[in-house]
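Look at the two complexes coming up: subunit A is in both, with subunit B in one and subunit C in the other.
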Partner chain A sequence: MIGGPTAVATPETSERPPETKLTPGEWVRKNLFSTPLNSLVSILFGAGLLYLLVGVVGFFITADYQIIRVNLANFVVGRFPRDQLWRPVFATGILSVAVGLTAGGLTIRAEALARETGSTFRRSTPGDWMRRFWPLLLMIAVMLAFTTTVTPTLVSLGVIGSGVVGNYLGRLLPAGARRWGWSIPLLGLAVAYLALSGFGGLDWNQWSGLHLNLFLTVAGIVFAFPLGLALALGRRSTLPTVRAISVTYIEFIRGVPLITLLFMAIFALGFLLPEELRPGNVTRALIAITMFEAAYIAEIVRGGLQGVPSGQVEAAQAVGLTPWKTMRLVVLPQALRHTIPAMVGQFISLFKDTTLVTIVGLTDLLRVSNQANAQPDFLGQGLHFVTLAFVGLIFWVGSYTMSREARRIERRLGVGER
Partner chain B sequence: MTATLHPMPVRPPFWRDLRVIRVVTQLAAVVVVGLVVAWLWNNLTTNLEARGLPMGFEFLDGPAGVNIADNEFRPSQPVRDALFVGIKNTLALVVAGIPLLTVIGIVVGVSRLSANWLVAKSAAVFVELLRNLPPLLIIFFVFNAVILELPGLSESWSPFGLLVINNRRISVLGFTASVGVGWFWVLVLVGLLIAFVVWRWRTRRFDDTGEPHHRVLWAGGVLLVAVVVAYMLTGRPVRISLPALEGRRIEGGYSGLGAYFGVLAALVLYTSSHIAEIVRGSIQAVSQGQVEAADALSLSPFQRLRFVVLPQAFRIAIPPIINQYLNYTKNTSLAIAIGYAEITRIVNQAIGNANPAPQMILILMLIYLVFSLTISAVSNVVNRRLRIVGRT
Partner chain C sequence: MTADTYTDATQAAGEAMIQLEAVDKFFGDFQALKDINLSIGQQEVVVVIGPSGSGKSTLIRCINRLEKHDRGRVVVDGIELTDDVKMIQVVRRETGMVFQQFNLFPHLTVIENVTLAPRNVRHIAKQEAEDLAMTMLTRVKIPEQAHKFPGQLSGGQQQRVAIARALAMQPKVMLFDEPTSALDPEMIKEVLDVMEELAQSGMTMIVVTHEMGFARAVANRVVFMSDGQIVEVGTPEHFFTDPQEDRTKLFLSQIL
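== the complex of A and B ==
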């Protein structure tokens, strides 16, 4: 199997240079005052930094956070009817279970692989989990600090707990269920969607707040993936017209900013469709995002396809696989596995880019921040920095956690190693 | 006998004939795409007609009906001219931003590898903080939470008399030119040519004799002398102009809207964090053996960096850096969110003024496509140059 097992192959400890423990004094001398120039830099730079830090921290300590306390629900779920809040809660719980199940399934799979190849595999300890997901926990803690009742805390604990239970169950999954592992997250998304909008729920064109950003990110990637895969295969096709169509689409989309596509969807889509087919504004934004992401995913998948040695295809042909089976059983599994880190990168980039729907008038998390500052109670009090810092924390934690996970997967897969 | 060894090639049935499949698949692809385009086109013409909007591009000569801040553009001027103003304002962001973000990115990227713990950690925090925030949020933060909170016009803040800062405009030190400035630039150009010749001479001499070339010192010195002489000869045509608040106006210096500086600062910070990551990665990608070889030749740390590490790192770094320039250029479209009149905002305003949206947005996309293709072309040329320099 190309790429080797997913398990971490830890280098022999004897190959590493012996680690030297420095005393704090030695450490300071080595890292801050090694040369006269270094000392000067440390002192001047440190003083400047301290001044800045004191100023910023002071600013945030003395700030009035009433605006966030009052608007917390608006930030998270926007205008979702308050008597129906059980729906997003239930959906989050379902997704948490699905993520836990998938993670648990992946763990036993990696363990099995490690056993087969004889390499060592170490299960993540709770300490590892803390090191990996502390920003997420920090964010939840900050958000809960702004709540006034005990319910949100209980709900958060419940959601985290269901994830842990899901993880435990995932490790008990029989090996035969592994083949269908990919369907768990999709099933989770489908159930969550039904919980939110089915049975008298809220149509997605009414969604807003962080909820909308998350929806646009996940739905954008899920819908764009098949299209991107088709475009990538089209670009590598030997049929000239198919290749020309794919290349034109990909290069055109990659050459324009997302905002122009959003404009197209919001202002011009009405001209391109007959009256009865005109969708709501969130759907329009989703169409623009899907078209945009498909081009970038196509390029990522193309990179993965190029990384599959041609010997693999020849071997598949030699054992008599049809072109379709060659693609599905030999090429794509290898190609897609190596695109995972880049895919996560694209996911992060889309998560940040969903804020652009603010410009075309949708009420996403960033717009809620601006709206809160326009409320009579908070108008003109210069509280933008409070709300934007809060919104920024959410985006930062999401992106930072995901980018670290991407790097972790990258190390595991050995992608990008020289 | 031979007939059984080499049987007559039997053509497979047509549905399994590869040549037929190829033709049919391509035809099907073209027909499907063609049908979709035709359907959209049909809808477009019907809908435009139903709303009484023009099909062609004649509206470009009609009045734009938009006001543009900080520009003498009048609403009665044609849409075409408004678009040019927008392109000019977008370019103003690009031209000022790219050098700034390159310098900041390189400094931060190199700082991340500093031996000084404080410097390395600060650079890491800078990168990890900015890289993981949405650029639009940074723009809002810089504009809404910083620039709009600056003092008003009458209480303008003026540090050292070099800048005038208020919540509407920011003015920086500039230059004014008077008669004779043309001759000044001609002489400076001549000086530049002489400096170039001196540079070549020093290089050749170094190659022939091996004595230190000091070409930077020589060429720089020649250029400095040329500039000073030119300045004196043409009667000091370039003066420094300091901005100053006079009544309700700011006189002198270069002046720009707060929105312009807000977008510039936010996007430069955001993009430079990406550049810093590229620079760091490229330096780390230079193999350790190269560094050790440089040490074995007893090069100084500076020489090691200048002659061994950086030339190799740059070859790795330049294509992704140019890609970031492209991203920066596309991100300038976010300036619309705080009302800076670049091309996206002009188009948005023009659509609001009953100009047909499909055509306007098509024009907007084509303008960005031209920007992108230009940068890609530059990138391709640079890549080709780098390949020649590189190992084969």
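== the complex of A and C ==
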């Protein structure tokens, strides 16, 4: 079943197989030392793991984190002017409110749906939220541990607080918000962009650090998604020209590595365009990323479209819906729902792929890490492992959070239960 | 029996709602319909039977242009089906269809399934469309399921929603393509009951089915098809008690 919240049937207690409760000692004996060979393997792997663990933990305990403490702002916002830091702070707050509003709106919608279909719905408690976003909270805690003043802590609390406020406001949204609710996150992005760039702010071509990676990811998704959707529909078009253009584009782009496209955008675009039309380097990278992602998104959407049974189209046609409305109201909602797992996988790899812009000379998080190690205070002290671990933590938290949220949405929509 | 005789018989019953003249349909090299001539009057209930692969489904799918016929004429309520997309839309608006696999929209609730076309094709206001939908759901006896999703309903309930969805467009003709073939035996009756009531209300219906009891009780005429051709047409009494063609006799001996 898809669409509705799922009712889980609880089997009678008597129907359940008898549960065997093992004490930790029994569990170890049963699973790790059941045979001599098993014991040997367990001991060998256990020793290896212990050795690794001691080494890694020892390293992180004894490591000198001064390089991160000094460069924390560089990692997060890069070269953003320090007297303008209110801009990224304000932008983050706005995005937090937008996310909160969206989440709140979705909550009341899910509640209304559950009421109508007669299933139960439980609102998330603050505890649920903390369990849900523990990686994110862990990352914020780690970052705050490296701060020297109280301001960043207050700012973080302010951002989280604005998300909470947004969430409460979102629950007050009218039922009609279902139709325009999708514009809230987009509006949030637009306002955040204005806060960063407008009114004497910093053009996105000057952005750097984690800020740049996040921008490339979000803007890449926002621009590539509609393009990818159009390409997927174009590939199924009945017009031979449209089909040929779509297929050629998709197959060409998918046959080229992203790094090649980035090089072409940065170094070749300059030759093609007259000087006054040449976009900045971040814009060029964004063009390359958008073109690249669109081709992959198109293929994901195509897969989703193929998964919609032809009977759905026939039923829509039979009641007189035009081909366009059939696509928009019947086929796409079902197709996109089934693409969520693949789509999020693509977004995760996009987030990580944004580090490739280091190679074409942009100052992203990875480059900040390298630059920090080139500072006179830290040069040649072998601190790469420290900074890279920090960068790795940030990417892991971002990717893991996306993947957890995707699995949650999947469960909610019942994807994969058909 | 020739094409002319049953055309005359129909016209006596009322003005022709659906007219098929010398219709041929090919799937590649395979000829699915061969020289189909059939005229169906207003308020007439025609049941189409025949072995699988005989072209029954293709026949009714040509009436709302889910399949494009290759030769001949298909005229529905005075509108001939051609490549003219506008005219196809008009015919589809006036023709409801019920499928073997229900084909409800799984991402929409029952009431959204029923209001989708009235709102987006007929452009009826939301409240009015919902009132209309509730009327139709009451007619198929499941108003209480309006806010559930199709996946939460039984097969028989889903098929009745599908009937309500088609009726909400207030069609002049209803096409049924083996509406009970995918149902568990105990659910067949609830769907057939709804269809019988619909027939009694004066709806023009073409029903492809294997339910001989329904054909006997409800049909004005029974059409027997085999190998893409209409073999025999007659009233249920004639058809079941005194079939003329050998192929009909063979088919009836196998199923009855």
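Convention: the second predicted complex is superposed on the first by the 394 of 418 C-alpha atoms of A that agree within 3 Å, B and C clash if a C-alpha of one lies under 4 Å from a C-alpha of the other, contacts with A are read in each partner's own complex, and residues count from 1 in each chain.
Note that a contact is a pair of C-beta atoms (placed from the backbone, for glycine too) under 8 Å apart; a residue touches a chain by one contact, two chains touch by 3 or more.
On a predicted model such as this, the values are computed, not experimentally measured, just so you know.
By the touch criterion stated above, A:Leu22 is placed in contact with neither subunit B nor subunit C. Contacts of A:Ala141 after superposition: neither subunit B nor subunit C is touched.
Contacts of A:Leu186 after superposition: neither subunit B nor subunit C is touched. Counted by residues of subunit A touched, the larger count belongs to B, out of subunit B and subunit C. Contacts of A:Gly311 after superposition on the shared chain: subunit C is touched, whereas subunit B is not. In the superposition on chain A, A:Ala47 contacts neither subunit B nor subunit C. In the superposed model, A:Gly118 makes contact with subunit C only, not with subunit B. Residue contacts after overlaying the shared chain place A:Leu388 against subunit B, while subunit C stays out of touching range. Those residues of subunit A that touch subunit B in the complex are listed here as 31-32, 34, 38, 41-42, 45-46, 49, 238-242, 245, 252, 254-257, 259-260, 263-264, 267-268, 270-274, 348, 352-353, 355-356, 358-359, 366, 369-370, 373, 382, 384-385, 388-389, 391-392, 395-396, 399-400, 403, 418.
Residues of subunit C touching subunit A in their complex: 64, 66, 89, 92-93, 95-97, 99, 101, 103-109, 116-117, 120-121, 147-152, 162, 165-166, 169.
Here subunit A touches subunit C in the complex through residues 1-4, 116-118, 309, 311-312, 314-322, 325, 329-330, 333-334, 337, going by the rule given at the top.
In the complex of the two chains, the subunit B residues touching subunit A come out as 22, 25-26, 29-30, 33, 40, 43-44, 46-48, 115-119, 122, 128-129, 131-137, 140-141, 144-146, 148-149, 285, 287, 330-331, 333-334, 336-337, 344, 347-348, 351, 357-358, 361, 364-365, 368-369, 372-373.
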